[in-house]
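The two complexes that follow have chain A in common; it is paired with chain B in the first and with chain C in the second.
Right, the complex of A and B next:
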């Protein structure tokens, strides 16, 4: 009673009533024993709890606890032995039901007995370290029923038989199953494990070993995976329905091992239906299934990843090295993009957007894109194509998507500086010919390149845009200043290009027609008048002209030609026929350019404003040219393109490559100096590693080249070798 | 109060105390009597006879049950016990597991 602790009482030893009757204990026990019998016989309604409790209480109080306890054990044991016989006698399918029913009875009886004997549970049992009544009841049940020789194996076999029947598609009594399994679990986890779980797992392993063998012989990969997935789900459902939750991991492990891990390689490489075929046919569901199943077993995902990687590398390698594909750069890049899209979709929808798979995809692309040294050029050509015409009528968002994809390919490139070279060339052509479709798209790509590679990478590209803008302003100024006195003569549009920003080749200026020459002089004096200290040189190889021409029969056309072609055509204002030599002399156009420009005017059907003798496909030194009086074209405006090789020719390629190599030298040197300036002293290998790392965003530096640059810097007294350790470099401020 | 919610406690001398079941269940022993599965007489009739507890003690015990219910809800008061009852009360408390 709660409040008594506050009063200070001297507690004296309690004197028990002396038991007068020597038969007291026996008599009292008889009453209790009788009660236990009645309880087991469902006859408890007449019993008085208070009386039974009081008797048990008094027995314990009067030191007959031991007698009470052992009496309980022997009474309960004898009841259980009877029950055991009863259960053993049950026929076939009734066996489990009988067991279940008796178990419920026993549980209820046990509860009642425990309540009656609560005082013993409370005092006698803890002080003598005996097993509490409830646990005692369970142990006795275990020893006398579950472990009885006639029940133990029969029970196990019945349970396993039921599971097998369920696996074979029959419907079983899951409620009964659940109760029996629950009983085993109540008897202690070791009972559940030893008497059911362990053999269950063994039998399951055998079952799935046989079944998987059967399936793999007759199913294709997708079907097999479907079956495995179904089995796995069935087992998980079984656990949730009537097994211990802790068994889930164990049984799924068995299925995973037998059905997946053991056949993994065979499944992945299965002919006509394995992983590669799934990838080829975009089988998202099957791939997703494979991913989810293989994820469960060790090395499962890495197996998929490796096969996928090597497949992508193989197809990619084929893609970038197949000479057929190299003919059309746009098609080439489009195929790369399609390939990337395909695998992005697969990874997104089937592989759970797994980072490791994305990385594998990226590294595969990096691997094969760089197998072809022309990839940077082709990617730039692809952009060129898109920005020239491909993006017409395409919404702004779609343009962004395409550009983002290109940027992704760009990221894979090791030689980003090569890309820059080509991009510059192509951009220059686009800007000067006014072919670019969208200024926004152009600028957006520049911004993307800038975020990817930094200011340095794009400053020249941006310079080109600035030049275009300034030139427009300049021309406006020029026209408003001189427009009046130009009259009907030719009009001039000049784009002033900053040296260095543009991919200019030093070119010999050709002789312009006199009409033009005067105008050019005017512009030169205007320009130099507003900008002192500058020098202008004409890049006649990059210009274009629009000429109005009247042919013999009076048909008028406006011809859109290059500056070179304009120079040639103007000659025919004063002559009917000119030989190649004469033209060459008059214009001083470099021979290769002149040939191309003559070819495009005399040999292309529909654009042949000139005729030549003899008629042939190629231009010879001895050819003679006339104006083609019979020239006709549906359109008023005729555009005469120069025969331009879109892709670079072999020598041009060599040249670009050389220029790239040349441009890399100062960059490597700069990197070396930067690093040495901060480190002061560094050994050779580390220096090489750091330089490579610093330049990685632009190109993959060749160690031999780095070494050459180091030597050159040593010669120029930027660095010195350490006197003792020759592998060590020292920075000289 | 409905009959199902009360229980009748009968002392050795035959005095009957009808009290709230919730109060009676302060005693673990009485709780078991009233909740044990199966059908003991006490549960069926809703009354318990205590042949070894005198009326005086049982009355005190019933008072204690109600006091304990209140005390359990946070009211901190003392439960007065006359010293001459102490010994018998303690024995009954042990018996009733209170």
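Right, the complex of A and C next:
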């Protein structure tokens, strides 16, 4: 004994010795319990916040938090049970009102209680992981009121009934609804969903299923869509007014499914009022509504698009194969343009300029325009008509608009080279007869074609314009050089055409009258004098002449005729009567051309400068012609037989088609050689595919034709087949 | 023998050929013939022989095609034993049609491939989208039309 302990100097906290009254906790709790009662009985004004707070604080401090908490739970629970009975007893419409009122009360009470018990909320509860006061209050409300057996179902049914009444047109108390729904939301999203939203959606689905069935039986498509739209808007408004925002997409899905998705096909195909009828009648509003509604459901828009596409293709197909429509090419093309305009407008105003719809329209046009092999010819004739007279007096901007529309049709053509051939022919006629309404319009179109197809396409066309200009200069030179010699003789206006640029013409025989021969020769030697190494051939089938004629009774007229007609008429300077055979012999004009030319001078009222015996419409081999002494015409200048571009006759069409086919052969060969040169070795199928792709911008290449060209190239040692794999071709340098 | 001209064998060519056969007497030549025939019938050699037959029949300097009549005769000789039905059918077609007056070497070789690859007479595996010469496409179409 005797260990010396070193003692540390410690300062100990001053402990306040409180008398632990065993009944302390009970007493304090009683005070608080009483306060809670008062609060629930709306007697809170008589309470002292400070005192109550202190009491709660002390309980927690002295380790009586558990007692305080469990006391709170049981007190609140018993109050809620009373409230529950009270609410259950409410009759009819008062049920919700009472519920609402009591909920408001509860919240107020809860707030006060929470404030009083804040110390416990902040210390005891977190450390013991118990539910905080406010949340506890909500949970108790949920368990004792909302989920009470007598209230739960009744509450749901009441809410759903109100919604149903409102859907049927009644006015309901939205404010009350909003509060009740908000209560459910405050109690937790699972409460809102399980106790209201899920059943609400189910009931709504049933409701709309029944309603949509009813509507679809008795409404036409447009009406139905209006109703569907209205219901949709209604539901969205409902959500914004008194439901959780998150419900919006769910309820709209229900409406979309029941009212739209389930009846989509029936609506679209409804007889007399469906999509096709709306399209035909340009019902922009209805179509717009359909678009907006259908875009909400899967496959909605594709359904509309498919029906629209097949309708356009059908109408288009009828358009291009209807013989009535094909009589007038200009009208035919105009009808196509009108159809395109119509659908452009529809897509613009009703379908939101939807790109997929525009593409569907384009592919439909591409499909049916090419069903008629004469489409390229007709489009060229349309352009011809516009450039001759249709665009007269039209403003520059409008001209551009029309030309752009024509270009759009042009783009749809598969056989662009056929168009080129006809366009060239028609352009040639326009230029040579001086019948173009606007040089600017002509050039503008050439530029558009160049942009679309490249320089190759238009360089020859531009050559034609150049020839016209050059010829003017040449004539000036000729007249100044020889003008003096001509004196009173006939005057000559020559257009010199470069052979490659202008449409190929077979050389036709035609004997020029003696009066012209000398002059023509003079021009020929003048021209060849200034241009060596060239050859000139008179194109008698393309020329015109102005002849001054004096008839028996003294009538004088100036006749504008074709070169052929001039040759024939000049014969009558030396003879009073001529038989067809004599005329044929003298002029050597080919029979079919000659007959047509005679017809236009002898059989057409107002232009019959000649008289024919017999007076039949057709020209017979034995017919005899005289000058028509009785010829009259109001005008001094009379036009006979202008060279206008016309729809081709059957044999002419065959000829043009043949020429196009011939022209394609070298193009195909050039493509084959180009491809093989770069690839060196290539198999059959790939070669066909590549060639087709390369030529796509001009025409659709026929695989059989390509095969023929390949074989021809093999024959001429441009290509060879591989010895082992005969599918492979090899380029021979 | 690598004889250059059909119907003509130069002395050199004769000598060269017989030397290759190692036949310096008539009996040896006779004995060599059946072996030669078997040799020719071997597929790898036969294709060369078939090609040779065409070229050999070209009589003129720059000639590249054979007239239909000669083609028919030649086919019978060269392929008649192996592919009788095809040869009969094709020669019948060639004589009936009017589009082709001659056949090229490419078409000639194509027919050989046709006989080897295409089941006859059903023609089930013939695809005209492939690289067959057009004359064979037309031939097949003619057969199919006849059968319908």
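We take it that the second predicted complex is superposed on the first by the 708 of 733 C-alpha atoms of A that agree within 3 Å, B and C clash if a C-alpha of one lies under 4 Å from a C-alpha of the other, contacts with A are read in each partner's own complex, and residues count from 1 in each chain.
Rule of thumb we're sticking to: contacts are C-beta pairs under 8 Å (C-beta built on N, C-alpha and C of every residue); 3 or more make two chains touch, one makes a residue touch a chain.
Source: prediction; values computed, not measured.
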Answer with first, second, both or neither: which of chain B and chain C does A:726 touch in the superposed model?
second
Should A:122 be classified as contacting the first partner (chain B), the second (chain C), both, or neither?
first
Which holds for A:112: it touches chain B only (first), chain C only (second), both, or neither?
first
After lining up the shared chain so the two structures overlap, which partner does A:708 touch, if you call chain B first and chain C second: first, second, both or neither?
second
Residue contacts on chain A - larger count, chain B or chain C:
B
Touching partner for A:579 - first (chain B), second (chain C), both, neither
neither
May I ask you to decide whether A:44 touches chain B, chain C, both, or neither, giving the answer as first, second, both or neither?
first
Touch test for A:54: chain B only (first), chain C only (second), both, or neither?
first
The intersection of the chain A residues contacting chain B with those contacting chain C is none
Tell me, which parts of chain C touch chain A in their complex?
64, 104, 106-107, 109-110, 113, 129-131, 133-134, 137
For the complex, which residues does chain A have touching chain C?
683-685, 703-704, 707-708, 711, 714-715, 721, 726-727, 729
Where on chain B does chain A make contact in their complex?
28-29, 32-33, 36-44, 48-52, 64, 68, 71, 78-79, 81, 86, 89-91, 93, 95, 97-98
Report the residues of chain A in contact with chain B in the complex, numbered from low to high.
1-4, 6, 9, 14, 39, 44-50, 53-54, 57, 108-109, 111-112, 115-116, 118-119, 122
